[in-house]
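Structures incoming, each one as structure tokens.
There are two complexes below, and they share chain A, which is joined by chain B in the first and by chain C in the second.
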Partner chain A sequence: MATITSSASLPATRVRASPGERLAPAVFLLPAVLVVLFVSIFPLILSLFLSLSRLRFEAGGLKVQFVALDNYRKLLFGSEQKVLFGTLATPSPIGWVVLAVVALLMLASVYRAIRDARSGRAIAGRVIAAIVLAGLTYLVVASLLAPEGRPGTLVVTMLYVAVGITVQYLLGLGLALLCAQQLPGRRFFRVVFLLPMMITPVGVGYLFRMLADTNKGPLEPLWVALGMQDFAWSNNAWGARIAVMIGDIWQWTPFMFIVLLAAIEGQEVEPVEAAIVDGASNWDIFRHITLPAILPVSTTLILIRMIEAFKIIDLPNILTNGGPGTATETLTLYAYRIWRALDIGGSAAIAYLLLFLVTFFATLYVRTLRGRVSTA
Partner chain B sequence: MMKSFFRSTSPFKPSPFRMVVSYLILGAWAFIILFPLYWLFITAFKLPAAVNNGPFYLPFVDFQPSLHAWEYVLGEVGNDTIRLFTNTVGVSLISATLALVIGSGAAYALTRFQFRPKVGTIFVFIGCVLLAIILTVLGAPWALAVAVAIALFVISLLTIARRFERALGNSDIAFWLISQRIMPPVAVVIPIYIVFQQLRLLDTWIALIITYVATNLPIVVWLMRDYFASIPYELEESAQIDGASRFRIFNQIVLPLSVPGLVATFLFVLVFCWNEYLLALFLTNARAQTMPLAVVAQNATRGPQWWYMSVLVLIMIVPVIIMAIALERYIARGLLVGAVKG
Partner chain C sequence: MNLKKFASLAALGAVVLAACAVPPAAAPAQPAQPAQPAQPAEQKPAEPAKKFAGITVNAITFSGPQIAEPMQRRGKEFSEMTGATINVVTVPFADLYQKILNDFATGTNSFDVIVFAPQWMVDYIEPGYLEDLTDRVKADPDIQWEDIGLFFRDFSATYNGRIYTIPLDGDFQMVYYRTDIAKELGLQPPKTWDDYIAFAKAVSEKKLTTDDGKPVYGSCIAKKKAAQSYWMVTSVASAFIQSQGTGQGAFFDLETFKPLYNNEAFARALEIYKETTQYGPPDEINLDVGDTRGLWTAGQCALTIDWGDIGTLAIEEGSKVKDKTGAVILPGSKQVLDRKTGKLVDCTPELCPYAIDGVNHAPFAAFGGWSGAINKASKPEVKDAAFAYLSYMNQPAQSNVDVTIGKTGFNPYRISQFKNLDNWIKAGMSEQAAKDYLGAIEASLNSPNMVLDLRIPQNQYYQGIVLDGAIAKFLAGEQDIAATMKEIEDGWEQKTEELGRDKQLAAYKATLGVQK
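So, the complex of A and B:
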């Protein structure tokens, strides 16, 4: 992980110390480790076990039956496959092109790993990453870039993450650049832009439901002008998805904005001033001074948001209730719905798939960037 | 570098034309942010008819504002609202404080001491947890299973675990702690539910607080670890030579120097706990319910009660927004140091 730098210059602990001093490291660290062990690790293991079993509520309590990988089989190949993967169809020509490009990139990546004579483990890691990524790309292409395809919860979740983070980052960066200028009253913007992040996602969900109402919402004149006053976006798969993405962008652009603004304002002044004296254009200053200065922050920022974004549930749950059908359902919402249907094993299996997915993307992201950023 | 944050002057001095364009864009985004909040605000003063009969924008001009929703939320069901609000405030404040204390302790330890946990110990531990779970599932009382597992853990720690010499370092511990944030809550909420049910702690503050502390510890460790690393060690060394204990150094030197980071992290965690919905939904059902649950509860069978909902959301966001405005400078600075060191 990019945030973990090796702490090489640790001072040696004093040799002759009182018992209290010798126990100090443990006293500082142990509470955190214990809390995480008992509230994260232990449930995680229990959850893995649940995902391998079927639970039934019967008279006299809970009946647990070990079913091995049956829950996963049902998800990946069985009755739930259509929900998770969506309807896969023959991709359109563009879809094929995308698929071919990704496949070539993956082959090139594996080839480079072999050429550079990396260790066997590194090559194996590359191959697995390439296969998973190609598989996910196929899922995306066959459901989104295919005329007859329909994305499942897996693809919808990835879509929210990808679109949400891209737009949030670009918007946040643009606003931060504007706000970093010497403008009277920019503190007002800084405070206002922070607000959405403070509102409970549940509240944001209802708020956007009110706003998006084509009959009673504030945008009604606009809908009428467009001749769409009877358009029920909540019954349209893409309308509903876009509504969820807009809500997410509204809520989380502030996070990107506030940290990027601090990063831009925290950069060295001298190079910028020198560049202005030398007559560099604004674009040149951005490209060669500001961007490199904020790149490390950006990578961490995107990582934080990515980890959080994969877990999105409140907004689609409130805004669209996952519908129409399961068109806006994310993996967390899906797991929650299955849980409410009392299929606890199935729910745990979905949660585990999500965990693998997030871990995969987080690791891939960090690995890919670690080389680039440090050499750049 | 720290000094240069938030200069009153900026090297970017826009030309008048650029200034106008900048104001236009910033103003447009401010409108996008403020308009929904304005709508929320006026909806809280609307009668159901004013909401249902189409969009009305201006109080006193378009519609007659009414306090009916406030009377209902603060009067008729006022006791419930107060309980919900107290729960939210209490749980979030305690959780955020605990997470900050425990997390910054760990973050400090990870930047100042060298840890070498043995791989063998870790595997033995995981094995024992597995054993306890399997025993419980097979029908043994959970207390017995835990006791057996702990006994076995201690025994193997003194015997088998010593054979595995490979050890991990600080960065591995930090990675492990931080990576817990990757875990989707939905993956652990069912076991947590079962555990608290067994301990008869469901629907109590304790259950929520323990869960919130655990889910937010990674954030605290992540941000504070880099903050502490940016504090020069020489100060502490001289204090140490003067005979100050570790705890005194931490309390009197390190913590005062880290106030911006602590404030930002605290606020960040507080907002997460304050707004959390999913875990609260699973772990509470009446007494310990928090505000987000009440907001959702307004989506009754008669359709969403927008006016009550708006009042509740407003009650929820006003304290956080006041805090955010007051501490805005710290937020950016604190979050930035955590992210910069990346």
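So, the complex of A and C:
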């Protein structure tokens, strides 16, 4: 492997670069840096400022009032707390078990970091991660696994992400494995499986809204035949959530499918042929050859989908407007809803909470899998 | 990739880019060039230049098709007459308030005319975004200002004594009932909310069906979250909360500006509101106004709460309820709120001075009627054209026809429209149906106990976010009545503290001083 030669070992006769040559990299990079600053960093800083402010339209323009953490206080401890966290109640026995297991895992994780004599910064990071993860687990358990509990937008968003990505990955992998076989019509199926991804999420929302309408939708005869004409999925919290998840899964499974298909077809043939010669079963080949081969791609794929899935808004907005109640409302839809009433500071605060959540899970995910992927 | 493929892709890319670069059809037109005569000038005398030739007026409203339809249709006529180009942009109702405010506040000023809910006007007038139309109205005899109902002139059009909007629509919520079903089951039109429940229950238990076998529901009320349903619950609550005339107000206490939505009266309204769901379509809490209107004209509802639109939609082609649609003033209550104790008490002549047969009615002027205003930042010549356009739509020759067409979304607001039945009969209403329909609106308009919609700064947050959100959770079973009322009270109080209690109270009192 090539190594970079340190400056100390350079020949003494090295020609000193001209000012133009020294400036060239910076000059070439500057436009890109400026673009990133302008379209990404600047809005990020501005929205942080907005989340600490209250905006009012008055004669002559906007009046911006700095309110420090008031918008966050309203969300986390004030009148919006119930929307964000839901109704928390005493967990069921299963909930307590889940909570205990997660707490033990977190303690073990912190203990390992201390035992391995890591730096103080690493240990602090591990402790913070453990506390946040345990807190989020408590929110899930006390709202979803509690008889009197009700999930808020935070838990509903995490639910969509967890269930959606898991099912999308498994379905996408299954379809990719099927289409990687030398089956008749495989080209046709590849195109068909891709179609949902080509439709806009709003279109998917309306499509599923029509399909789920038991009274006047195109599937009405089917619902009637099943005796479900008096059932309204939108009246039922879990019915509505499942409808949103089905729509999301239907739309995004093709993305998983196409990337995984490329990864499967791009893996080296020789190890597979050698395994067949050695008498390995299909499961063994998948478990020990294919899966490790596609793991790096899978990791990236899930990361991309996870970041995207946290921002889901189209489907719940079109299907249910976040209802019934707040049953299907996600963080982004919640932010959008109060932004429409021009509570821009409150909306920015929700956006920052989402940013924190996505960054936390993405970092946790990457750190957890980094070692495993590199050794796979 | 070979060269041929690359060339094909490049060509495709160029086409896409070119397509993207083409200005949209709705883009403002270029200033008109002098028209090229179709024939040599000596053969045809040149037409006189039209008054607003070359001027483009950009208007915004909600993506109806109601409201947008007459604006586009009348805009076309106006263009032919004056040469101005009327460009109507539509957005979903839930986006309209902030879309307009963002456009004004950021100085984009892409809209010259806004057609909107007049209850939002305070948020647009205070920062100075709207043109004062008082002098223009006075100088325009064609508009026949005195023919417009006093309430619409005063509430929908005026702020602090100055005219800022031109009314295009008159809005009151009423109860509609199926006259044929009432007759068949021996039921009377509901006078109280208890009657409403009894009517809905009787129909529901009878398990009626339409001719094509669809179920007929006892009651259909639009209860969808983040839509227009928060007006519906206010329609139910009004009769329990306000009993001593319009000036009493039905949202806040006039001394403390404390919300009036956490007491026995509102609790009773919530009970009734939720009970109606039992007799409605299975997905009622996900139905918007358009959905319930569709169900009504399909003959699937025996009762509904709505604005005046149902009356005209019922006579449209394809309607199954023509001459079967009756209308009454919003039902009332024999018990009202005692504001000193927060208790629900029986009506007395002192407590309910406007009660009829012991029933306190408080018709709710929900929304106030779509009205048009002009952007103060528009160019003077564009403002002239914009006012002429709004005036044209408002004038009796146009509006008297438009209010009889269901798809316009415009309801009667001119005195002449109530007095002259000919237009209604010509539109397809029977004389009795017209009398019923107009009578219900007139009864609401003339009520001394009419409830005015909330018109204080950021009322959209109070109603569209806090009230709507709490009611949605209540209907979904996420919280009980007490928690719902507390959520509304806390949310309203928090916003009041943010904006300043005294300022909000002053604005509220100013609104209630409106003459009817």
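Quick note on the criterion: the second predicted complex is superposed on the first by the 338 of 376 C-alpha atoms of A that agree within 3 Å, B and C clash if a C-alpha of one lies under 4 Å from a C-alpha of the other, contacts with A are read in each partner's own complex, and residues count from 1 in each chain.
Just so it is clear, a contact is a pair of C-beta atoms (placed from the backbone, for glycine too) under 8 Å apart; a residue touches a chain by one contact, two chains touch by 3 or more.
This structure is a prediction, so every number in the text was calculated from the model and none was measured.
Considering which of chain B and chain C touches more of chain A, the answer is B.
When the two complexes are overlaid on their common chain A, residue A:117 makes contact with neither chain B nor chain C.
In the overlay built on the shared chain, the residue A:339 is in contact with chain B and with chain C. Contact with chain C, but none with chain B, is seen for A:87 once the two complexes are overlaid on the shared chain. In the superposed pair of complexes, A:310 makes contact with chain B only, with no contact to chain C. Once the two complexes are laid over each other on the shared chain, residue contacts for A:327 go to chain C alone; chain B is not touched. Look at A:235: by the touch rule set out above, it reaches chain C but stays clear of chain B. By the touch criterion defined above, A:57 lies against chain C but remains apart from chain B after alignment on the C-alpha atoms of chain A. Legend: residue contacts after superposition of the two complexes on their common chain; A:68 is shown touching neither chain B nor chain C.
Using the contact criterion defined above for the overlaid structures, shared-chain residue A:277 touches neither chain B nor chain C, since it reaches no partner. Counting contacts as defined above, chain A residues 215, 339 meet chain B in one complex and chain C in the other. Against chain A, in their complex, chain C makes its touches with residues 94-95, 97-98, 101, 104-105, 123, 126-128, 214, 224-227, 281-286, 458, 460-461, 464-465, 469, 472-479, 487, 490-491, 494, 498-499.
Those residues of chain B lying in contact with chain A across their complex are 1, 4-7, 9-14, 18-19, 22-23, 25-26, 29-30, 32-37, 39-40, 43, 51-55, 57, 102-103, 105-106, 108-115, 126, 129-130, 133-134, 137, 169-171, 173-175, 177-192, 194-195, 210-211, 213-215, 217-218, 221-222, 226, 229, 233, 237, 240, 245-247, 250, 271, 274-275, 277-278, 291-292, 295-296, 299, 304, 306, 309, 313, 316-317, 320-321, 324-325, 328, 331-333, 335-336, 338-342. If you check the complex, the residues on chain A that touch chain B are 1-7, 10-14, 18, 20-21, 24-25, 27-29, 31-33, 35-36, 38-47, 49-50, 64, 171, 174-175, 178-183, 186, 188-203, 206-211, 215-221, 250, 254, 258-259, 261-263, 265-266, 268-269, 272-273, 276, 296-297, 299-301, 304, 307, 310-311, 313-314, 318, 331-332, 335-336, 339, 344, 347-348, 350-352, 354-355, 358-359, 362. Contact residues on chain A toward chain C in their complex (touch as defined above): 54, 56-62, 74, 78-79, 82-83, 87, 150, 213-215, 229-235, 237, 320-327, 337-343.
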